[in-house]
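In the part that follows, the structures are each spelled out as structure tokens.
Below, subunit A partners subunit B and then partners subunit C, in two separate complexes.
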Partner chain A sequence: MNDTQARKPRRLSSTAIFIFFCLVPALIPVLLFTYYPIFKGIVMAFQNYSLFNLNDIRFIGFDNFRTVLQDPSLPTILKNTASWVFISLILQFGIGFLLALLLYKKFPGRGVYQGLIFYSWAMSGFLIGIIWRWMFNGQIGVINDLLLKWGLISERIGFLSDPKWAMISVITANVWYGVAFFAIMLMAAMQSIPEELFEAADMDGAGWFKKLFHVIVPYILPTIITTSALRVIWIFNFPDIIYAMTNGGPANSTHILSTFMLDKIVFNGDYGLASAIGVIAIILLLLYTMFYLFATRASKAGDF
Partner chain B sequence: MKKKLFAAALLSVTAFSSITACSSGSTKDSSAGDSKSETVTLRMIESLTSPARTEVIKQMLTKFEEANPGIKVELISPPLESADNKIAQMLSSKADLDVMEVRDSTVKQFVTNNWVADLSADTANWADYKTLNNSAKLTANYIDNKPYYIPYGLYEKILFYRTDWFKEKGLEAPKTWEDLYQAAKKITDPSKNRYGYSFRGGKGADSYIVDMIRDYNGANTNPDDAMFLKNGSTIFSTPEAKQALENHLNIYKEGAPKDSLSWGFSEMVEGFQSGITGMLIQDPDVIDVVKQKMGEGTWSTAAIPAGSSGLTHFKVGAAGWGITSYSKHQAEAWKLVSFLSSPDQNKFFTQKTGLIPVHTTAAEDEYYKTGYYKPYMDMSADTAHYIPVKPETDYKGFGEWRNVIQQDTQLVILGKLSVDDALKKWDAYWLNEKKQGK
Partner chain C sequence: MKNKVVSRLGTGSKVIVLGVWLLFMIFPLYWMIITSLKPKNEIFKFPLEYFPKHLSFENYANIFKISKFHVYIGNSLLVSLLSALIVLVVAILSSYVLARFTFRGNKQVMTGFFLTQMIPMFIGFGPLYSMMSSMGLLNKQGALVLIYSVLLIPFCTLMLKGFFQRIPASLEEAAMIDGCSRLSALFRIILPVMKPGISATFIFAFVQNWNELFLSIMFIDREEAKTIPVAMNSFITKFDIDWGSMSAATVLSIIPTVILFALCQRLIVQGLTDGAVKG
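On to the complex of A and B.
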């Protein structure tokens, strides 16, 4: 092989150029609707960008970041964000996994059960928040009524007004919402386990627990890793339920980073400040993603 | 390795998606108007949307179209929660809009950004302008003394109370905030799930606290700049402010459901009409809602209580119709706004939606002179005791303030912030606002 032949493949062939131009029509909307808003959001984080005075948009360096980082409620908000994400994730995964185990083998009426479980996933976050807000209402909520009727409590609980209960209440609603995602994804993964593996396990005399930990879990591990990684990001960026149920209160006890960001838009009309919070959220999520992929070794992850 | 890279890239993109939540989307709506035909199509957007109200507006638009065959109106009704943001985004991208709902809380923003037209020239030649009542004129000309919108109705709070429960306890409608506290305490009986007052601790709690503090400051409150006293200090800097805030906390602790710490508008109203609370302070649009749920003779309305000085300060809220500064059909748009704001149409609209009308002529109507609306007429007649104040919506920090005071009061109630520290913080907040200018 001479030098000319070795260099040849490095040049773009006419086929590659042709393919590139064929992709351009698809690339333009992606650039326009995905990457432009991201870029614009990052730029806005460094600007004085208030909806109340759009005639005064100017670069202000790191001022927005300074304001966010100096906010006295930030430590509480970060702590809340961590509990919101990880407690929700663990419960959603745990219950979702259990449901998947119960539902992945064929039995009469399985389709109906699957449909019922998937139901919550099809609802809007705000609607779920509003429904649960009324259910948790201290005076006229059905949850207090049931607990009183069953004799489990003697006095009504202010689920959304007591800081001790408020976080538990919003996480409960979020768990109800997210269980369906894990149930469906894990069930789909379980259904693809070859029957021979179970037959082989039976022949080896494996019991139910052994089958669970030596057949099912290893086989669906890539799905578990992928879905839980994605779910963390989604929960982190999901203000809907909290916003509709408690608006971050009482006294910041349920504020998370994404509701804090929304507050800056709704109350202040300050898109610059909100964008700075968005950038901080990206940095935190990137750190998490890198750590997670390193810890679980991405090669084990399933196809995205 | 490829899979690893792909996984990292995809997760990064998903992570990045968080920032798109804070990017302002631009909405470019295509024009529905057809410049070639003779018919002009006006595009109109509402903000305080509700299905029932939209229906009323549509009926009025039909009448307008019948009276003006050359003009068609296309009504845009975004969901209530996101309507103001949607309108602001449409205006910022100069989307095709001619008439829009302008509120006392959004007019400053619209004027600063040059989105709304000054209607001075139109109102100068408009016969019905003369019959607008003082509150309507005040709110229309709130910014720079120019009419940027014509209110379609006024919002002003009154006290709703359970006459049956009050009779049972031998009570009368409270005249002062202290009376309200005492009455609330007497009615409260948690064993019956019965409480005195529909306390607002959640979203929108700010105005309840501030109104009470103004009343306690009495004649010292400056009605033209009502976060301040006539001597220039803030309303939060006095011993009276402390008394007011303490009374507010006592009402919560002894006369309201614990849960009301997080109550917003709907929970307050639901609490009253479902028989949990005996008093509610709300706007007139709630009258119809309560009327439908509660029997005649079980409830009534009264004027807002006064501070220890005997004075009540009240804010008149307003919303109405304005014209975009860049509308290509200014004349037709004014035709529509003046039609909707005419005494006849306004009477129709306010009676259907339970608002206070904007024309003086409507006050003569029996509908407002007697019954549930009577306290409004009494309050406006007794100018020695009921003092209208200019809302603070023209300050830059107004939006943030609403959040600050709501969160801080929750902290005070939960014992995490002292009354003194809260007042000091609010005092500093408004001194800073004053320094920064409007």
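On to the complex of A and C.
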């Protein structure tokens, strides 16, 4: 009796110690090397922090924000960001959904097929950018060559040097890269739909479209909501492909907020200005997240 | 009868759609490989050769001649493997605790980890740079190992937590009644059952590290410490792109991750859906 009483509190605290020691190796580094730099970065947005005047760093209020907001290229950059994010998202989602529908039931060779269409996902945005930059090359690019050969165009297009075509080109590369993500996620969700739901729909004499909109879509709706919400944020924060293909050019026609920010860091060393752009990006993302949560909650309330 | 026609039509259009997309997916890689194998003077020759008759490895030989590509490959392997290993150990411990115990702060830790996925990390780049410089880690592979590990801990913890939650707690409780300590129950009983989840997480971490670009550009500028992405980035800026060498470098740098993905895609699909979406 005495023995168990003595042991119980000791056991409890040993659990607490166990929890503590298991979490510390994860928590401390994340706080130190993720949260602290982000916090510091936000502070920098209010400083004249630049690699060229490290000896004279002081607070300058909202000057950085004023500089960014008065930048004549900002309206173009915001417009570019919006089309980069939403056109990419819609195409990636649409094609990914179609592929998931075609793939979620077993057929001979499905595994091989999946492997081949998903491989883009193993590659870096930078390499994908390099590959597409080569294919879209105005003089010797294979895409011009194919279009000419098929008689779709009569002279070469400067895909990456003509502002009219540059955004279409980088979005094409981004769609090529991102479809696999949606296809994987949506396929996995579809595979978890219980067979009984389809049987019930069959008994009601539901056709293919009815099954799609009354069984499949409602069942995987949570996956659709989470994946597309996450995806918007990832595409928003994903400068790699653009960096490799056009680096924002020609004439800012492919600059988005994240490449703009990178530009200020890599080429100007102006961390203050870059941070101000980052803070604006965070505010936009927050607004988006709030709107998204609100919209999905409202639609859910209607549906269920 | 009508049904048969419809279903045949269905299969037919299915094959066409999948086939067209497959071509679209494969072609860029095919084109890179073909370019890398063309002799230098044929890359810019019209009409473009889609099935070149002369194959040559001069582009491959060239990248090892003009740069230290073998050193970059070694560095990339070292950094990616080491960081993936560290992440795995740290994330196993934290995700186990977060999945198995309810304690004060559990939810907050999860939210904190989730938030790191939402905030654009670029905003922390400047401060990170000065931290690395004051720790004397600039131009050292250690900087990348450290930063890559930290950046992956949150996501890998969320991912592994999903796997832990699918394994009944009674499994390790039985082992502990038999006299195992919690830690040895974790390592000897649960981890073997979790092999698929653990390998999926490891591969995911490895691929992320292998592909990371901007942090490595910032932290590394010394020839001996460069990883593949840094080196390839300098191929662009220093010269007008030599597309033969560039495509050879691209093909070489894609091989490890594509093989890994091909071998383990099913694991990764499962890991991501369990961890990211439900978690």
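Keep in mind that, in the parts below, the second predicted complex is superposed on the first by the 271 of 304 C-alpha atoms of A that agree within 3 Å, B and C clash if a C-alpha of one lies under 4 Å from a C-alpha of the other, contacts with A are read in each partner's own complex, and residues count from 1 in each chain.
By definition in this document, a residue touches a chain if its C-beta (ideal position, glycine included) is under 8 Å from a C-beta of that chain, and two chains touch if they have at least 3 such contacts.
From a predicted model like this one, the values you see are computed outputs, not experimental measurements.
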Clash or fit, subunit B versus subunit C on superposed subunit A: clash
Partner chain in contact with A:Leu293 - subunit B first, subunit C second, else both or neither: first
Contacts of A:Ile140 with subunit B and subunit C, given as first, second, both or neither: both
First, second, both or neither for A:Ile233, with subunit B first and subunit C second: both
Touching partner for A:Phe267 - first (subunit B), second (subunit C), both, neither: first
First (subunit B), second (subunit C), both or neither touched by A:Pro25: second
Which of subunit B and subunit C A:Ser124 touches, first, second, both or neither: second
Residues of subunit A touched, compared between subunit B and subunit C (which is higher): C
Contacts of A:Trp176 with subunit B and subunit C, given as first, second, both or neither: second
First, second, both or neither for A:Ser258, with subunit B first and subunit C second: both
Which superposed partner A:Ser275 touches (first subunit B, second subunit C, both, neither): both
Interface residues of subunit A shared between complexes with subunit B and subunit C: 34, 37-38, 40-42, 44, 126, 137, 140, 226, 230, 233, 236-237, 258, 261-262, 265-266, 271, 274-275, 278-279, 281-282, 285, 289
Parts of subunit C lying in touch with subunit A, wherever the complex brings them together: 14, 17-18, 21-22, 24-26, 28-29, 31-32, 35, 43-44, 46-48, 89-91, 93-94, 96-98, 101, 103, 109, 112-113, 116-128, 131, 146-147, 149-151, 153-154, 157, 182-183, 207, 210-214, 217-218, 229, 232-233, 236, 243, 246-247, 250, 253-254, 257-258, 260-262, 265-266, 269-270, 272-273, 276-277
Subunit A - residues contacting subunit C, complex: 15-16, 18-19, 21-23, 25-27, 29-30, 32-38, 40-42, 44, 49, 95, 98-99, 102-103, 111, 113-128, 130-132, 134-135, 137, 140, 142, 145, 176, 179, 184-185, 187-189, 222-223, 226-227, 230, 233, 236-237, 239-240, 243-244, 258, 261-262, 265-266, 271, 274-275, 278-279, 281-282, 285, 289
Interface residues, subunit B side, partner subunit A - complex: 1, 3-4, 6-8, 10-25, 81, 85, 88, 92, 108-109, 112-114, 190, 193, 195, 201-203, 257-262, 264, 267, 270-271, 274, 276, 396, 399-400, 402-403, 406-407, 410-411, 413-414, 416
Complex contact set, residues of subunit A against subunit B: 34, 37-38, 40-42, 44, 51-55, 126, 137-140, 155-156, 158-163, 166, 226, 229-230, 233-234, 236-237, 246-252, 258, 261-263, 265-269, 271, 274-275, 277-279, 281-282, 285-286, 289-290, 293, 298-299, 301, 303-304
